[in-house]
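I am attaching a structure below and will ask some questions about it afterwards.
In order of appearance the chains are A, B, C, D, E and F, and numbering begins at 1 in each one.
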C-alpha cells in the first residue's frame, strides 16, 4: 500500500472533515449536517447519509471538462458517489440518527488512482467527526448511530501479480481491477470486480479478496489511530 | 431460476435483436451497426461495442418519470448501461471488428427484478445476430470477432438462504444482492456484490459465486440452443 | 388499411394496457392512474388525462439518438404527445373522473408509419381498461367518464391517388399527408393536414376526409370487438 | 377580421423584417441570411428556410416564465415554429435558393390570439424582403425562389357562430378552433382543426374552411399592397 | 449623448411598461407584479424587485443563437440582469413594498451599444408605472416605496478622448469602457470599469466619472419629463 | 489586510499551480496548457487565456448545492470567472503566446470573503508558472508574453470606515463593496463598485480606490517574493 494519511478538521466550516491521502491521490471529504431528510423518509423517524463526488478539472494528468460547465455529472461520477453513499450507510443506524441528513462531499484535489477507495476511507472519518459533533451537542449518541468502521481498497492483477492500492499507471495497465469495501469487523459491504482484458478465474479473485482483507484491516487500524481510539 | 426465453429477430429493422424474458422481466435488445467509431478510436483500426439501457415508464409497479422528460439519465441507468457495455466488450475482439460501432439498446418492456442480467444475456444474442449479419455480408468473420458467450445472473441471500435469479420481491427483501457476469468458458467478467443490510462474509459470498457459476452455465446452454449451436 | 390488432392486458403492472399493431407499426400503450391532478386543477374537482410518447431508438430503419441521452424531447415528440392527450380528453368527462390523473404512455416498439394514429387508437383501449379497473373498485362509473370511442387514421395522396393508413414508404413519398381523429359517433376531434409538396385543393382534402370517416368507423368497430362490446 | 397592418424594415440589422399586427397581436418577424445549410443538405445544392418562435415573458396577460431561463422551449413553442417553417417552405424553391439558410425569427411582442397566423403572414413579408435583398445583390432571382404568397388565419366556432381571426377571449371560449395556411393561388398548405369541447361535424368544418379562404385572400391582398405589387 | 426617448404604456398587459431608445438601441421594459416573494423572504414582510434580460436573436448585426434554444442563459445575460436588479433595488424600500415581487423584463428589440444602461434607465420608468398602478389601487404608497430615480450611462475612452453613451462601433473600439449607475440625488449605485486594451489611470477614470455624472443628471431630467414631474 | 500566502507547485499534474490564502479564504489555482485556441481565434496566430471558477459545496458556512448536480453554473460563478479571465488577459500578449490556450481553474477550497480577488492574485502565479514551464521548453519567451503583474483586492465601507480585504462577516455587513484589479505598474484593469445599502459618494469611492492602490502594491510585492524576483 502507498503512504496513507488523514488530516482531520481540514475545513473551518464543515461539521466533520478529513483530507485523506493515498499516495498522490488526495481527496477532501466534508460532512454537512442538514435538519431534514429526503422526501421518501419524511415522517419515518429515519435519517439519511448520502455522498457526492467530484474532481477538480486539473486533478488529473490531462485537464477534464468541469462537470458544472458541461451541465451534468457523468456516469462514472454517479457510479462512484452512489458507491460511497451505500458503503457509509452500511455502518450507520439510520433510525438512531433520526430525521437528519448528512452529506459527505468527496472532492478529488489530486488524482493518482484509487480515488473512490480513498473517498470511502476518508469519508468515514468525516462522518465520524460529524457524528461526534452531534454527540457533543446531545443530538445523538455516537456509538448508537455508528456501528462500525468502513474502509475500501483496490486490488488488481498487474503483470500477472496480485497488487494492492493501485496507482494510476498500475490501474491503467491492470488486467483485472477490483474494489473492496469492508467493515472493521471484517464483513464485506461491497465487491466490484471487473476484467479489463481477459476474464479472471475464481482463484485469482480469491487472491484479491484475501489481499483486500489485509489492506482494509490496516486502513481501519489507521482510522483508529487517527481518532485516537 | 425463472423460466428463461429468447425470441430472436424480434425487430424488423435492427441488424440483430432479441426479446429476452427472465420470468416476468422482459427486455428488448437490439443491435445497431454504424460505420464509425467514437472519436478516441478514430484511425486506430479498432471498433467499439456500447450499450444503452432504458425502462418504459410503466415497466414497473409504480409509474416512473420518463427520463427523456426529466432531461437526464439517472445514476442507476448509467451504471447499468456501462456494465452491459463492459460485459459484452469482454468477449469481442475490437480489432477484428474494425472501425465500426455496434450499439446494443436494452429497453425494459416489463420489470420484475434482474433487468440488467437479462439485458446482458439477451444483449449477447442481439450482438451475435448482428455479427452474423455482418459475416453474411463478408464484413467480418464472426468467429474472429466474437470470442465467447457471456451471460449474467443475480444471486442473493434471502431469508438466510442463497437464491438465484431474484425477482422484484426477493430482490427488495434480500440481505445481500450480487450480480455475476461470466463467459461460456467459465471466466469471470464482472462481479458486483452489495450488502443491503448487514455485511456478508467471505463464505456467504463464495456460496453465491458457486450458484452463479451453475446459473450462467445454464444460460449459456440456452443461448447455444437459441442460436442452434 | 393494414392489418390492425389489439392485445389487451399486455403489461402486468399497468391499470390498463394494449399493444396495438397497424401493420408493422407496433405501439405499447399503458394507462397509469395517480391519485393527484396537475397543479392547475387542484381543488377543482376535476381530473386529467395526459399522454407521453416515445420511440425506442431502433424502432426505425436507422437508429435514432435516445431522447433520454440527448437530454430533451424533440419537437416532433412533444407535438405527438400533445395530440394524443387532446384526442383522448375529447371523449372523457374530467369532472366525472374526479381529482385523479391518468397518464397514457405510448411507446413505439417498431415504427412503419402512422405511429401517432396507432397510439391514439390503442391508447383509447388502455384508457378504457384503466377506467374499467377503477369502475370495478367503485372509484368511478365507467359510462359517466368515458363518453365515446376515439380513433385516428392517416390519409394521404400518393401517386395522385388517395390512400389510407400510410406505411413509412407511402408516407415519405406522399404529396399530402393528413391525420384525422374521430369519435365513435362520427364527430371530428382533430384534423391535421399538410402539403408535403404542392399545396392541395379543397376537393382533394374532402376526399381524404371521406376516406378517414370510413377508416375510423372500421377502427371503432375493431375497438368494440376487442372489448367484447 | 381585426385591423391588419405590416411595418416593413422594422429592424436596422436584418436582411428582411416586418412588424405585423393582427389587432392587439404584434409579432416582429426578421429574416436572417446565413451562407450555410443544415448538415443534411450539405453538398445537395439546396438551401433551407427555417423559423424560430418566441414570446416576450409579458406579451400575455399573466407573465410567463422566460424559456431561456427554464432551459427549454415548450411543446407549444416547438409546434408553432415547425408550422411556420413548413408553411414558408411550401412556397420556396429550395434548389433555386442554393446552399444558404434563411431563419425567420417570429417574436411576439404582444399577444391577443392568433400569434401563429400573424407570424406566418408577416414572416412571408420578412422572407420576401430578404430574398429581394439577395436579388439586388445578384445572389438569386427573387421570382425563381419565391413561388407564391402564403398567409394564415384562424377560424373557430364561438357561441355557435363561425368567426374569423379570433382574439384571445374568443379563442379561449371557442368550441372549435382551426388554423388554415393557404397560398396566393388558393391552394391549401396546412390545416389544423381541434375540437376544444364537443367534436365538430364535417359541415361545420367546411364553413370554417370557406371563411378561411376569404380571409387568406384578403391577407394576400394586403401583402401585395405592402410590397407595392 | 444619442437621442433618448421613452414611450410609456407600450404594452397592453403589463402593470408598467416603457420602450426606451438610446439612439438605435431599443429596449422594451415591462414590469410584472406578482403576489408572492422569493422563498428566502417568505414571512419577512419584505418584497422583491428582480430583472430579467434578453435579446431578440436578430437584435444584432449577426444573428445570435436564441438562448431558449441553446438551453441556457449565457454569462453576459446573467451578469446584465443581476446588474439591472441591483440597480433598481437600490432606490426601492422593500419593506414598504410588502410581500410582493415585481419582475422587470428588459428585452432588446434592437441593439447598438449600451443595452444595459438603456435597460436600467427605462426599467426605472416601468417600475415607476407599476408602483403607480399599485398606488392607485391603494396597495402601496408610491412615495414610500420609490425613494429616488436611478439612471445609467456608459462612458469610455475612444481615440484617446472620453466619450459618453457609446454606440456599438465606439464600444468595440474603446480602450476603456465603464458603466455608471446613479441616483437622482447624485449618489453612485454601481460602477463597472474595464480596461479593454491598456490599463487606465486614476485620472482617466475620474474624467469618465465626471462625464457620467452629467449624463445621468440629464437622463433623470428626461425621466422626470416623461412622468410629467 | 489579512495574512496572505502563496504555495506554488501545489498540484502534481498542472503546468502551473498555486494555493493562495487570504486569511481563511483558500483558493487552488491551476494553469492547464492546451495546444489549441477557441474557434474564433483559429488561424489568427493568437492564443487565449481563460478562467473557470468553482466552489466546493462545503467551502461555505452552509453547504451549497453542487453546480455539477444542479446542471448549470450560476450567474455569480459566471460573473466571477469572466472577471478572472479578463483580468489575466490584461497583462498577457496573446500574439506572443501563439495559438495555445491556457485555462486557469480557480477552485475555492474554503471561503471567507474575497474569493474572486484571491483567485485573480493567485491565478497570476499559476499563469506565471505555466508560462515559465513553456519558456523552459522554448515554446515562448516568458517576458514577451507576460507584460506585468496583476493583483486584486476588495475594499468596502463598514461601520462608516473604509476597510480593505473584507472577510465574509465584513462583506455581509458592508454598506459599499468594491473590487479593484490593478497591475504592477499601478494601472487599473477593472473596477467594480456596488452600493449594498445607500448610494455612495464620489469622495467615498476615491477613498476606496486609494486603499486599493496600497493593497494591490503590497500584493504585487508578495507575488514578486513568491517567484523570488
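Annotations for the structure displayed:
As a convention for this text, a contact is a pair of C-beta atoms (placed from the backbone, for glycine too) under 8 Å apart; a residue touches a chain by one contact, two chains touch by 3 or more.
Computed from a predicted structure; not experimentally measured.
The set of chains touching subunit D and also touching subunit F is given as E.
Relative orientation of subunit B with respect to subunit F corresponds to a rotation of 120°, obtained by superposing CA atoms and rounded to a multiple of 5. Rounded to whole angstrom units, the spacing between the C-alpha centres of subunit A and subunit F is 33. Subunit E and subunit F have centres, each the mean of its CA atoms, that are 28 Å apart. Rounded to whole angstrom units, the spacing between the C-alpha centres of subunit C and subunit F is 58. Under the contact definition stated at the top, the residues of subunit C that touch 2 or more other chains are 71-72. Chain contact summary for the complex, subunit B toward subunit A: residues 72, 74-76, 78-79, 81-82, 86, 90, 178, 182-183, 185-195, 198-202, 205, 209, 213. Put simply, subunit A touches subunit F in their complex at residues 11-14, 17, 24, 28, 30, 32, 34, 52, 54, 56-61, 63, 66-69, 71-73, 77, 103, 105, 107, 109-110, 112.
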